[in-house]
Amino acid sequence: MGTFYTVHFWLFSAMAIIAALAMVTRRNPVAAALWLVNVMFALAALYVMLGANFLGAVQVLVYAGAIMVVFVFVVMLLNLGENDVKERRSMGAALAASIIAGLLAAELLYVIRSQPLSSAPLLPVDEDALAPMANSLFTEHLVAFEVTSVLLLVAVVGAVVLAKRSQFANEARS
Amino acid sequence: MNAGFEFAALDLGTLLLPELLLSCGAMLVLLYGAFAPEGAASTRRAHLLAILVALVSAAAAAMLANQSPPLGAATGPLAFDGFRWASVAVILLGVLGTLVMAMEYNEGAALTAAEPPALVLFAATGMLLLVGSRDLMLIFLGIELMSLSVYVLTGLDRSRPSSAEAALKYFLLGSFSTGFLLYGMALLYGSTGTTNLPEMATVISDGNLADDPLLLGGMALLFVGFAFKVAAAPFHMWTPDVYEGAPTPYTAFMAVGVKTAAFAAFARILLDGLGPAYASWHYAAWLLAAATMVVGNVLALVQQNVKRMLAYSSIAHAGYLLVAITTRSSEGVAAIVFYALAYTLATIGAFCVLSIVSGGIEKRTTLADLAGLSRTRPALATAMAVFMLSLLGFPVAGGMGFFAKWYVLRAAIGAPAPQTKLAVILVLASVVSAVYYLGVIAAMFMKPVDESRKPARVVEPRLTGGVIAVAVLLLLVLGVYPSPAVRWARASTLPMSPGRAISAPASMQAVAPTESLIRTP
Amino acid sequence: MIREALFVSAILFSIGVLGVLTRRNALILFMCVELMLNAVNLSFIALSRLHGVSGQVFVLFVMTVAAAEAAVGLAIVLSVFRHYRTVDLGRIRLLRG
Amino acid sequence: MNGAQADGSGMAELIMIALLAVPLLGAMLVWLLPRPASDVHGGSARVVTIGLLGVTAILATTLWFVVPDGTALVDYAWIDDFGSRFRLAATGLSLPLVVMTAFLMLLSVIATNVESVTHRAASYYALILLLTAGILGIFLAADLLLFYLCWELMLVPLYFLIGVWGSGRGPAAGMTFFVYTMVGSLLMLVAIVTVSTAAGGTTYEVLRDAAGRSPLSLTSQLFCFAAFASAFLVKSALIPFHTWLPEAQSEGPPLAAVALGIKVGTYGLLVIAYPLFPLAALHPTVRIVLATMGVIGVLYGSLVALVQPDFRRVMSYASIAHLGFVVLGISAFTAESLQGAMLVMLNAGITTGGMFLLLGMLRQRISDDRFEAMGGLARQMPMFGALMVLFALANAGLPGTNGFVGEFLVLLGSFYRFPVLVLLATIGVILAAAYLLWAVQRTLFGPQPESMPAVRDLSLREAGVMGVFVVAIIGLGLAPSPVLGRMDESITSLINRVNVAATSTTPVGMEQGSTR
Amino acid sequence: MPISNNDASLIWLVPALPFLGFMVNGLLSLLPAWRGVQDERTPAGRRALVSTVGVGVMLLSLTLSVWLFAAVSNQDSAITSSLGQWMAAGAFTVDWALSVDHLSILMMLVITGVGSLIHIYSIGYMADDAGFARYFAYLNLFVGFMLMLVMGANLPVLFIGWEGVGLASYLLIGFWFGDTANAAAGKKAFVVNRIGDFGLLLAMFLLFANLGTLDFATIMRDHAALSTPLVTTICLFMFLGCAGKSAQLPLYVWLPDAMAGPTPVSALIHAATMVTAGVYLIVRNAALFSAAPVACLVIVLVGALTALWAATVGLKQWDIKKVLAYSTISQLGYMFVAVGAGAYTAGMFHLVTHAFFKALLFLGAGAVIHGMHHALHATHRHDDAQDMRNMGGLMRRMPVTGALMWIATLAIAGIPPLAGFFSKDAILTAVAERALESPLAEASLGPIPGRVVLWFAYGLAVLTAFLTAIYMTRLMRYSFHGTFRSGADVESHVHDSPWLLRGPLVVLGVLTAIGGWLQLPAVLPLGPTAVLDKWLAPVSGSAATLLTGSGHLSHTAEYVLIGIAIAAAVAGIAVAFITLKPASLTTKAAAPAETGIGLVLANDYFVDAGIARAITGPIVAGSRKVLWRGLDLGVINGVLVQGTAQTIRVVSSVASRMQVGFAGSYVWAIALGAIAVIAAFTFRTMR
């Protein structure tokens, strides 16, 4: 754990946090989405630094690449402008929300801080990141893996059901 | 993870037979929908097919329940114990009721397609997984499978804005709470290094981790997530809106299936995985139970829409079930199962009545719409009265509902650490509930028909009527002779990891007979 | 660095919650939830350095779930938009009381 | 099945089961009976109901004669897992009340006009049968869970009777009644669960054994006793838990008022709560508190009865006052006072019930039965007048009527326990005469208001029903011995059991309960 | 004629017969309404049947009583018959037992004898009344209960009769219930009697709690076991009962109102029999009372005060029956003075003679009222038929009645040799004797020595005798002498009653004249002395000796006492004749309002108004405003019951309004909840 590592860790962390803060404060959904992509990139870098190379890649490909694109696509589709949503801009509410979020953060940090995690021995980083994961995925977590397939099927079916125009529904409306 | 887990020894086909049948059946239904002509007849057939699938799955579960557990089931990610099969039975009961109700409802509401029954089956798969899993990962996926399907079912009625609104609220708040749940799982994983519940229990008791802050934080966040799913106060606020907006059959599905499954999983995590940390989570569970009972019942009091009222009532019932969990005893587990059965029967029945009375118009589920029902449809009104009294926990006339409450009270008071205060809160909250349940009865029996609120069409209760009849019959019969159900509930034990109990552990063993532990078949 | 990563995760999670608390745009709300999930993923990955690979497997599943949720969630948003012509939660409130 | 040693008890067992089965199955039968459209008033349902209640009454009477001096028992397995058994017992304490209930319900139905049931007649009669089964079950049960079932079962038909067939404010009155009594019942449920978990079963036998052998601590007993008492005292409407009663009795149909007059609550207090919690029951503070509440009930009920606007409310408060005597008698816990308390319970059913039926008959003739709209009825309805005077005086405890024997024994038996309280309670005897005769005067005597319609005296049917009440009132007044004798042994053993349980566990400071 | 134990159950026939009559006549009375008819007047046929039954049972009872008299006269012990157990509970048992002894047979003879006469009289008196059958039913009922009262062998059986006569009295006072005042008077009688019964009940409880029995025989046997304070308490409670039934201060208020009933009823119940039950009860329990000198002094004092109080009020009454009512109260006071002083024989003696002359007076008054009513009715006048100011000179129209009433008046005034003189003298003598020397005189009532109390009572009694003579003479002079004040047309319609009414009067007149021979004082050599004394000796003799002094009065003293008594009576009559001016009297309608002391006396010292204002009014108003509206409807039902329900409802609707439908705000709840739950977990273990 050299200084280089540490510097970069904090760099990406700061980037993630700043991007996240930017995201939650942007009015424009597209801007928010892009800031979120920014967070995800930063996180991908942190994943890699924590030895999860494969997940870092997946993060970029699936999350930033696919999911966020869908988001932006929907935003565009709905043609949402900056003023479509009357965001609550009262300082009091924002302050209260910040206090709550801060409180939550404080509690979470307290919980984590109390744990002597730093002293625990770290497992060695496996150079071949994929093999142990695949091994685990298809043996130990096979059932879970299969469940994800059903999950995705449900997502597809659900999206179709909700998005498709039903002639019956049209009749009912007219 | 090298926990001596033998992949080869695990016969997944056996362990997951009901779930497999359900999901494959769901795909079959989808396939049927793809090729069948669009229309009411196909919808009915798709539903009938789904009912068949559910029945087959139930048969498979029943078959498995009578088998001795296969090798490796003791530690694997899938449980093979009475609790699982009992929960499966209750859930499938709810699924069947939902499907029958939906079949007739959807024709009226023009929700014709094969996807709804398929989604119900998918959700059921998720529920079954949820109650059968002993691994946080699988539990998480089960929750998601269930929730995603139910989000869609909620928003199914595209002709109504409220349906879409309900779906959106459910989805947004649901995924928000999932974030907490997941964070909780992460911290539990961080504290114990495993996602497998029995292992987790071992680690906690071996490492004396019960007061580990990371574990505490994890449990807290897990509580938040599950409290949302079972609609415990103060995480209940989505419930009335979503219940009101969703199409009635799927409201029922949420009220029974989702609640039972989430509860079973919650109970399993707390009793099996986190059992050794009982002293740490007892207080929070106590608070949650008390708050939920009070909030649910008090808020239900002024509701005019019966669906909404039932939503609050379902919150209250979550509170009663939480009381059973706080006991951390095998009697408590049996009480949960027994209660879930009674609650499922009464709730499904009540929603069936509502779906018939409303004549397919969602708005027509207020007390004013029920006024004078006893004159226009006496049998329906009587059945509804039974369901209301059952939910109230009233003996004989309310049937099994009473024994459900009795059982929970028994578990609470007879527990190694008696929960007498909770029991008193429970009964006092029940008194409040009497007012709104009786309000429904009073509307049906003691008010004249409101001519301006006649339903657009009179729905003839065909199969739905059958569901109602079966529910009434079961409730009433088990209400005077509950022994079969009690025995069944007692058999459905959950392996409870021993650990630091609040009071003397010796008495604990008296309550939890060792032969019911699944480890020694 | 495990603890530090967990700190970052907690902060990101809280920022997600902050966003959910302050925003009324359903889409942005959803993005904030995604941010929370990402934060949790960071925790899992960090913890997998202590406890082994299953943390990472969990993250994989979370990502899948996130994708599925995105599909369904955005479909729901679309369907709401069809009725309400807005994604402003402040104006989507037929159901109340 | 332990009961069938002798032929007599075998027969008794059969009858006890039939006593519950006949009205229960009858309720179903009446409900499912074909209903021709012309039969709006449910004439056929009424006939069947009367027939079934008649059978019930005959069975109850037979049981009275069949059961030997001891007790008869029905015992079947029911819910082994909770240690609950289907157990019925006919004891000296339950038998009189069973017989009274059976007859009271029968007579109430006969007394009510066919025409008074204007809608949903079949349900009306079915509910009456259900109600009968519930009340009989309360008295016959020898298992606490079974008792509780019947106890609550009684609420439902009453709620419907008050709400559906009552006056305009019936639904609200019914709701208050239901919810109010439920508060007590549910607290009792917690206590039931507590004792039954401790004892490992719910039969009276098991519970009483447990109370004798390994009792709960005094504190637990006090809490549980308070919970039981809250259920029993709310149900029997002791001050200050009484306000639902006048509403329910005056808004509901006469039959509901009659059924509400059956003192299931104090029966429960005596037969269930006392043996189960001997330490609490005989705790000096508990006794004095209960007795004081009883006396306050007597005085308060009497004083408030004095200023009621209609006769039904007067009778409600009168029964609240009578309940005070019962509670006083029970808390004194002497053989005499308990006999008296039991008799007052019987009388409450007979005399108050008869009066409510009589008022129901009046209400069928005159819709506005407030005092200010009435007067001088004795001229047009001398028989009605004579009956009303008799019932009023029986209520006021005129010697020679049943009312006297009960109150006299209560006061006599309580006197050496609570002399001052008895002195105060005896003032209630004065007040009873005042409010009842005042009410009688407003109804029967004085000039007749212009607005009052011409009315006919009681019909043969009505007079016949009332005749039975008269026989009961005079009969019990002149010859209560058969009833007292029947109760004697049960009461003695009850007193012994409670005293032994209380003294064996607390050797010091507890008085020897008197059986003198 | 001895009576065997087998025949003893025959004594049940004595009360049973009137009860039988009650049942028959009661059913007959329901007949018209049953048929849907309302008669103005009972048809002659049914009237014959009713009167045959009503009078027949009385005569049979009388016959039986006479036979029983013969039977017991040979024995000192009682004839007792038990029909078995009435009630038994724990240690308490009481039998259905009647007993006939020298005391009860005396009462039985009075009841059945005077009762029979009054029944006969009633046939004529009530002939025109629609409720003829009902009347006789009630009258029979009364006699039945009265017989139970005097024959009961234990207190509970006595109590049946005790309250039963109250019931009959209630029914008969309110006989003409169409008028609210009548019904209210009946109710008042019953309720005030109940106050007395309260005392009697407590006496019973005390007796049972300490002796374990309520049988007279056992009480007499075991009473020595009771401590003196206890006996005193018992006796005082019992006397409260007597005061209620026998209209003593302060419970006498019902009796004047009771005159609302038909006059024969007043004669039978409110003069001759029922009101004397208190005296009977004390004599019956003489053994107890004689052991409680303090209680005795209280009785003497109350009796004397009552006697004077009522006599003063009687001076200013205009209603002929009211005068007699107050007179009755006054005379009852005498009896209590007697029994209080332990002169049980004297009390009983006065009871019997009073029954004769007071019944005669009432029946005479009834005849007057009957005649007046008839005349007023015939002339379509609506004047008060009972007000003496509307009468005058009736002697001319009703000579027989007038003459008989004069006999009774002289008797009650105490003019020898009429019955009243002897009985009153017996009382005065006895009091004086005990005041001179007796255990009673040695006892003290609080700070006051018994001697003072007794002398005071004696003084009051003499004063009362004087006043009695005045008001009775006043009554006679105003109604029977002078001129008729209601006009000649009415006067011409006034006739003496038919013989059906006059016959009983004559019999009573004879009894009044010779009744004194029952108990002649030793100093007057007119025949066998102290018959009654000897007769009652088995019952109260030993008790009486407990309170009597050892010595006897000298003959001189006795003569002096007799002289005082006669002087008082004569003086009273003289004063009445001198001061009263019947000629100046106007009719009731034209009479000026009373003023000053007259107003106070005419209104009975405003006792009724006072009670209404000080007791009943506040009770009713308090019950209505404080207990019912305030506590019951307001606090208990309003605040506690409905208030709780409403509070929960309000909370519910407020909380339900927080459910705004805005998903954003639900998130807040979840976030706050999450913070709370985490806190609950972490800080719980932080301790």
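By letter and in written order, the chains are A, B, C, D and E; residue numbering begins at 1 in each of them.
Following the convention adopted for this analysis, a contact is a pair of C-beta atoms (placed from the backbone, for glycine too) under 8 Å apart; a residue touches a chain by one contact, two chains touch by 3 or more.
Just so it is clear, the model here is predicted, and its values are computed rather than measured.
J.: Using only Cα atoms to place each chain's centre, name the chain farthest from subunit D.
T.: Using the mean of the C-alpha atoms as each chain's centre, the farthest one from subunit D is A.
J.: Which chain lies the greatest distance away from subunit B when centres are computed from Cα atoms alone?
T.: Here the answer is chain E, farthest from subunit B.
J.: Central chain, going by Cα centroids?
T.: Of the chains present, the most centrally placed is D.
J.: What is the distance in Å between the mean C-alpha positions of subunit B and subunit D?
T.: The computed centroid separation for subunit B versus subunit D comes out at 42 Å.
J.: Which whole number of Å gives the spacing of the CA centres of subunit C and subunit E?
T.: Spacing between the chain centres: roughly 95 Å.
J.: For subunit B versus subunit C, what separation do you get between their C-alpha means, in angstrom?
T.: 25
J.: Compute the distance, rounded to whole Å, between the mean C-alpha positions of subunit C and subunit D.
T.: 64
J.: What positions in subunit D touch 2 or more of the other chains?
T.: 179
J.: Among all residues of subunit A, which ones touch two or more of the remaining chains?
T.: Where subunit A meets two or more other chains at a single residue, that happens at 88, 97, 100-101, 104, 107-108, 110-112, 115, 117, 136, 140-141, 144, 148, 151, 154-155, 158, 160-162.
J.: Can you pull out the residues of subunit C that are in contact with at least two other chains?
T.: Residue numbers touching two or more other chains: 6, 13, 16-17, 20-21, 23-24, 29-30, 50-52, 54, 57, 61, 65, 68-69, 72, 75-77, 79, 89-90, 92-97.
J.: What chain-chain pairs meet the touch criterion?
T.: Chain-chain contacts present: A-B, A-C, A-E, B-C, B-D, B-E, C-E, D-E.
J.: Please output the residues of subunit E touching subunit D within their complex, sorted ascending.
T.: Going through subunit E, the ones touching subunit D are 26, 29-30, 33-34, 36, 38, 84-92, 96, 134, 156, 159-160, 162-164, 167, 170-171, 174, 177-180, 182-184, 186-187, 190-191, 194-195, 197-198, 201-202, 204-206, 208-209, 212, 619-620, 622-624, 627-628, 632-633, 636-637, 640-642, 645.
J.: Can you check the complex and tell me which residues of subunit E touch subunit C?
T.: 656-657, 659-664, 667-668, 671
J.: Tell me, which parts of subunit D touch subunit E in their complex?
T.: Residues 176, 179-180, 240, 242-244, 300, 303-304, 306-308, 334-336, 338-340, 375-376, 378-383, 386, 389, 393, 398-400, 404-405, 408-409, 411-413, 415-416, 419, 422-423, 426-427, 429-430, 433-434, 437-438, 441, 444-447, 456-457, 478-481, 484-485, 488, 491, 514-516.
J.: Can you list the residues on subunit B that touch subunit D in the complex?
T.: 374-375, 378, 389, 394-397, 402, 405-406, 409-410, 413-414, 420, 423-424, 427-428, 430-431, 434-435, 438-439, 441-442, 445-447, 480-483, 486-487, 490
J.: Quick check on the complex: what are the subunit C residues that touch subunit A?
T.: Listed in rising order, the residues are 1-8, 10-19, 21-25, 27-28, 30-32, 34-35, 38, 41-42, 45-46, 48-54, 56-57, 59-61, 63-72, 74-79, 81, 86-88, 90.
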